[in-house]
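You will see two complexes here that share chain A, one where it goes with chain B and one where it goes with chain C.
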Partner chain A sequence: MEAATLKESFIDKTKSKLGVSPEDSRLSLTYLSLAFIILFVGGFLGLVQGLNRAGLFELPPWFDYYQVLTSHGILLVLVFTTLFMTGYFYAGVSHVHGGLSPKVRKMGWTAFGLMVFGVIMTVATVVAGNASVMYTFYPPMQASPWFYVGLTIMVVGIWVAAAGIWTSAVQWKKENKGKHLPLFTYFGVGAYLLLFLGSLGVTAEMAMLIPWAFGWVETVNVMLSRTLFWAFGHTAVNVWYLVAVSAWYIAVPKFVGGKLFNDTLARVVVILSVVLNVPGGFHHQIIDPAITEGVKFMHVFMSLSIALPSLLTAFAMFAVFARAGKRKGAKGIFGFLKKLPWTDVRFLAPMIAMIAFIPGGAGGIAQTNNQLNQTVHNSLWVVGHFHLTVGVTVALTFFGITYWLLPYLTKRTLTPRLNKLGVIQTWIWTIGMLFMSGAMHWVGLLGSPRRTSFSTYGDNATALSWDPYLFLLAIGGTLLFIGVALMVYIAFHLMFKAPKGETEFPIAEREANDITTPRWTERWGLWIVVAFAVISMGYVIPVVEMIVNAPPGSPPFQPW
Partner chain B sequence: MRQAKYGIILYIFLMLPPVVTLFEFNMTIHMHMQMPLLAAAGMLMYPFLKQKFPGFFEKYNKNGIPGIILFLIVVSYWLLPRAMDEALTIPAVEIFKFISWPFLVGVPLRDSWSKFSVMGKNVVLGILSILFVLMAVIYIFSDSQLCNNYLIVEQITLGWAFGFIALALIIYIVQQFFIDHSEYEE
Partner chain C sequence: MKLPRQEEIWLVISVGVLVLSMVITGYQAFALGMTPPSGTETIDPQKVDEHEVFSEPGVYQTGENEYEVVMTLQMFSFTPGDIEIPAGSTVEFIMTSKDLVHGFQIAGTNVNAMVTPGHIQTITETFEEPGEYLVICNEYCGAGHQHMSTTITVK
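On to the complex of A and B.
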């Protein structure tokens, strides 16, 4: 009996040390493999789109610019990110909990099936030429009903994935009475909660669009559906950002020889992100009609409040770097910069991601202001902005995670050669994005519109003056595709070819003098209700106005 | 004392004429943002007041019940459409609003809240949610304009805002009955 217990505890200990059980690793690897395949396809579409926009490449009539644009957006902004997030959180939760329960694993697989089914259905309608509505699918442009049905199935997949993480958290709490959730799980619970809250908006929108697309109702309330979309769209972007932030707090300190700055602060960042985020969607509608100026003004505050957790994170991360540098003997205010492991790709990639968020976040704050937004709203500036935030801050952090997560899951190691290749990939990506995003920002300020295929507007002088920038955009896009190809190669190499060995799942330790984490951080019941109340208050004024004083609604348009 | 400073800064900010105009231009913002923020200013000032007048709170609000009754009476008064109308048209009522919310709502609420058990807190939240459901029904379904200063659409909006806040409170109360904390806490 005693031997059996000993054996069991030995197995448990080994599991928690070495991490992942083969079943759990298979689940996460499936998500991550598909994520990288999607990255390749989406990246390729980005390349042809950039070349076409610069007037360098003619797209075939059966797959035009808007089909490419829609597929690129959906595959990269929605699918790559969701798949990566789920693979990452399921792997991490499995690690910190010492394995997933069969029930949770089953939920993970069900979610995967639903997401894949939904994506295939959605993308098929776009490829067939029935849904060139871009990833924002604004009505009155109307896609095939199956486009919306596919997206809805994807959302259900997200809910099931979320339920899996929450179930695992509840199981852990039951087995570890009185203890705080591990910080990694805490981020997972928060990120999925935020994604769930945001998805309620798009689900409500689908309830309007699906009957309209099937022809059961004739018209649609355009303003309402745009508003419901941004409740989701904006939140989703912040969810990807929160996933990246989780790695910054938990993994990055390990690579710089530092420790977690402050456990409570990290948890407060999660809570604030969950509570404040959803109504921020309004800053995407600053130039929309049908929302009064006063309400827009109020929402500027709501949007700017989201900068608070970001600023807390910036402070915490630089504190971690400075402390780690001091421990290594750094002198002066910026001496720590010399002590950072710039040649370690596991640090370099997320570090550049963080640095990119300084102009990315600042640009976001600028766009939140009414007058500045009016200048840039429908221009390529905005595209440049989200390629900086999602394309660098989020994507490069995800790549940084890949260098340790994949070898951890496959029980392989990151070789110095692969590390070097990773560093090259990171710089190619950074330079490519500097060209592309920089050109987009600048040409946007000069008036070049977004969401439009290449045109010289009858050789108009202003439009022609954009050409050099669009050319830079194409160069950046080409470099980025080289970056994508390298990254996909590295990912699959880490999965199948890298030498066998053990890789640690990096979880930063707490500082010795860190304060005890307060109990209230565990009161999810309260935070959910507060988030619900904040969302209700944020939306009730414009949404009631849009419903009560609704115009007759719009019939569908299919301009392709 | 830091809290008291923040409270006073918030209080002064809310009194600035452009801020007052902004917070009163819409019925929902007036009732669900300006008024609670004034109460929050009072709640932040409470530790300072408690330090200055410890005997007062001990004497008049020993078990928290007088404080919460005062809180409920003043809140109920401000739920009346006429009260909000008069705040916009009669300066004395506007001044009363700026005094009553911090000092007759925020301060007694914070003083009483710490003295209540979980059950006591749930009873207060229960009363508020019933009150808010009632307000939601009145404001959403009333055919006539209840406030001279606000449009009917704003009235309906306020009704829905009450409905959602009531729903949030009800979810909070109900979830406590379904979660057995002994399963998670030692």
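On to the complex of A and C.
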């Protein structure tokens, strides 16, 4: 062998053995540290809110329930998730590509700076009492203009982070002509593409709201801005879900002694998620005026189609577990369950995350059907639903990733003691969420509304009958905060205290007989065109209708 | 792409469930008239008081056992409030908002609608069971949102 190639392969091997370079590691660790700090703050706000909602705790007037709720929502559903996602994908892409290029690393840092700057600006307006508008900021409720400017800067940060991952993918393709993008990068490219497509709606909304908030225009189109928001609001949570799914396909098989189920199928799941997701936001507007029955029914179809990739994933995961179990000698249909490593937190946390998606996904399918939606819209049922999907399926998978990603980045190891603590954390989280989400689902069916501070509505008998459930909700919320505190302790322990050693970045191998991945999976241009076609199918008619037949606009209100 | 046999079965069954749910939803919506509230008529949100219908909110009898409730929603009340109707009546609620987005929900029923400024929203319900029904705003509308409620008494 020539010296040059020998040297090259040596460099390759050391890179893959040693993993991520110190510079890349620092970038990802910065994202992840901040993510866990945000989790702690957001989790604490959740606790306070749960206790208030049950009537157990009164909040001070300078930081009331609606400020707490706005901050909790933005910090956990937007900031924690985005930071974690970016730290995770930059680390993984660095690992599978053998390091990030200086240009990509710079993009990663720029994105971080923009996100932090934007978040501080936005949250400051909420804390100052000028933006109690919730994560959805429906006009004509009007926040301080800096609330919207901050969010826009955050979105620009997301675009830069996305561009970094895409750049790294293009660089890899140039160096590896004719080869398929590594599956991990493929998920990264897809997840950021979906986030980008979703963000187009909210960016257009910001272009309407910022001039309105500064007072340059007097009124705003209420229905149009709501619709543009939900193109983003619902897509975002599906992006976090897709990030979780990437770890299920790529990392989890490693911990059960299994292999990647089917490379092509995993890529098809990414494509379907990217292509189908954005119009799903419409199911948040099923009982809105200004949208015709026909359009609403079409959107039942569009929302239900999003279930398809999840159904493919559900099969794939259980197939991986069953195959791994069979290799270990499991008998019968469910024998594999006994062979699964239930005491390994790197498996347990994502496994519970997957199981939670069975009721979570089913509840989602139910409530996207028009009439069923009408029975639960804006009730606590919906809050129970997304605490199951985002709060368990996404969050527990992110926690599961943490147990190997952090020690991989810091060149430390997960000790048996810490693993045990992680198992305890996972169960506390699960039980806490059973209480909280369960109570929310039930009391929501009875009619208790979301986003409402403690109220008996003048000692109304119906409202009083909700109180026992709200008490269960508070118990769940308390357990969850204990879970948050434990998780943050574990994360920082893994960063600074755990013993030095080598931790692998788990990338499942393909099955020996896996079919060759077809070339069309790489045709991103085509998928973008298809995505835009689906988005147009969902939005052109109602949006044109909302603009052409718009009522006179609404002036602003600041009801706090 | 060739799928394993079991996966084909799984997909056929699960997609079948989705299709079935769509068929039921479509049947209920279009054959049984159970579509969710979708008022498309518009109104100037700053001139609700001058509007021909909303200048006089109230309960109007329109037939035997049939009523119309013309209602405005505003921070943090429903006008008219504390409505009384006889058991067995069918009530059409015709609503609009004078300020920001509100919700109109009657706990214990399927009555649930978003009421946005600029649009006239309608929803119909038949009240068979006598009793006091709690009406709440279920869309966050500001500092007093948790107090925005009223009742419908069915006698």
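Basically, the second predicted complex is superposed on the first by the 549 of 560 C-alpha atoms of A that agree within 3 Å, B and C clash if a C-alpha of one lies under 4 Å from a C-alpha of the other, contacts with A are read in each partner's own complex, and residues count from 1 in each chain.
Keep in mind that, in the parts below, contacts are C-beta pairs under 8 Å (C-beta built on N, C-alpha and C of every residue); 3 or more make two chains touch, one makes a residue touch a chain.
All values derive from a computational prediction rather than experimental measurement.
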| item | value |
| --- | --- |
| Combined model on chain A: chain C and chain B, fit or clash | fit |
| Contacts of A:Asn549 with chain B and chain C, given as first, second, both or neither | both |
| Dominant contact partner of chain A by residue count, chain C or chain B | C |
| First, second, both or neither for A:Ser455, with chain B first and chain C second | second |
| Which of chain B and chain C A:Lys411 touches, first, second, both or neither | neither |
| Partner chain in contact with A:His377 - chain B first, chain C second, else both or neither | second |
| Which superposed partner A:Leu311 touches (first chain B, second chain C, both, neither) | second |
| Degrees between the directions from chain A toward chain B and toward chain C, using C-alpha centres, nearest 10 | 70 |
| Which of chain B and chain C A:Pro140 touches, first, second, both or neither | second |
| Partner chain in contact with A:Val300 - chain B first, chain C second, else both or neither | second |
| First (chain B), second (chain C), both or neither touched by A:Phe532 | first |
| First, second, both or neither for A:Pro289, with chain B first and chain C second | second |
| Superposition-derived minimum Cα distance between chain C and chain B (Å) | 9 |
| Where chain A meets both chain C and chain B, residue numbers | 292, 297, 549 |
| Sites on chain A touched by chain C in the complex | 64, 66, 132, 134, 138-141, 222-223, 226, 264-265, 268, 285-293, 296-297, 300-301, 304, 307-308, 311-312, 315, 319, 365-366, 369-375, 377-379, 446-455, 457-458, 460-463, 515, 518, 549-555, 557, 559-560 |
| Of chain C, residues touching chain A in the complex | 1-4, 6-7, 10-11, 14-15, 17-18, 21-22, 24-26, 28-30, 34-40, 42-46, 75, 99-101, 103, 105, 107-108, 110, 112-121, 132-134, 136-147, 149, 151 |
| For the chain B and chain A complex, residues of the former touching the latter | 22, 25-26, 28-29, 32-33, 153, 156-157, 160-161, 164-165, 167-169, 171-172, 175-176, 179, 183-186 |
| Chain A residues within the chain B interface of the complex | 173-174, 177-178, 292, 294-295, 297-298, 525-526, 528-530, 532-533, 536-537, 540-541, 544-545, 548-549 |
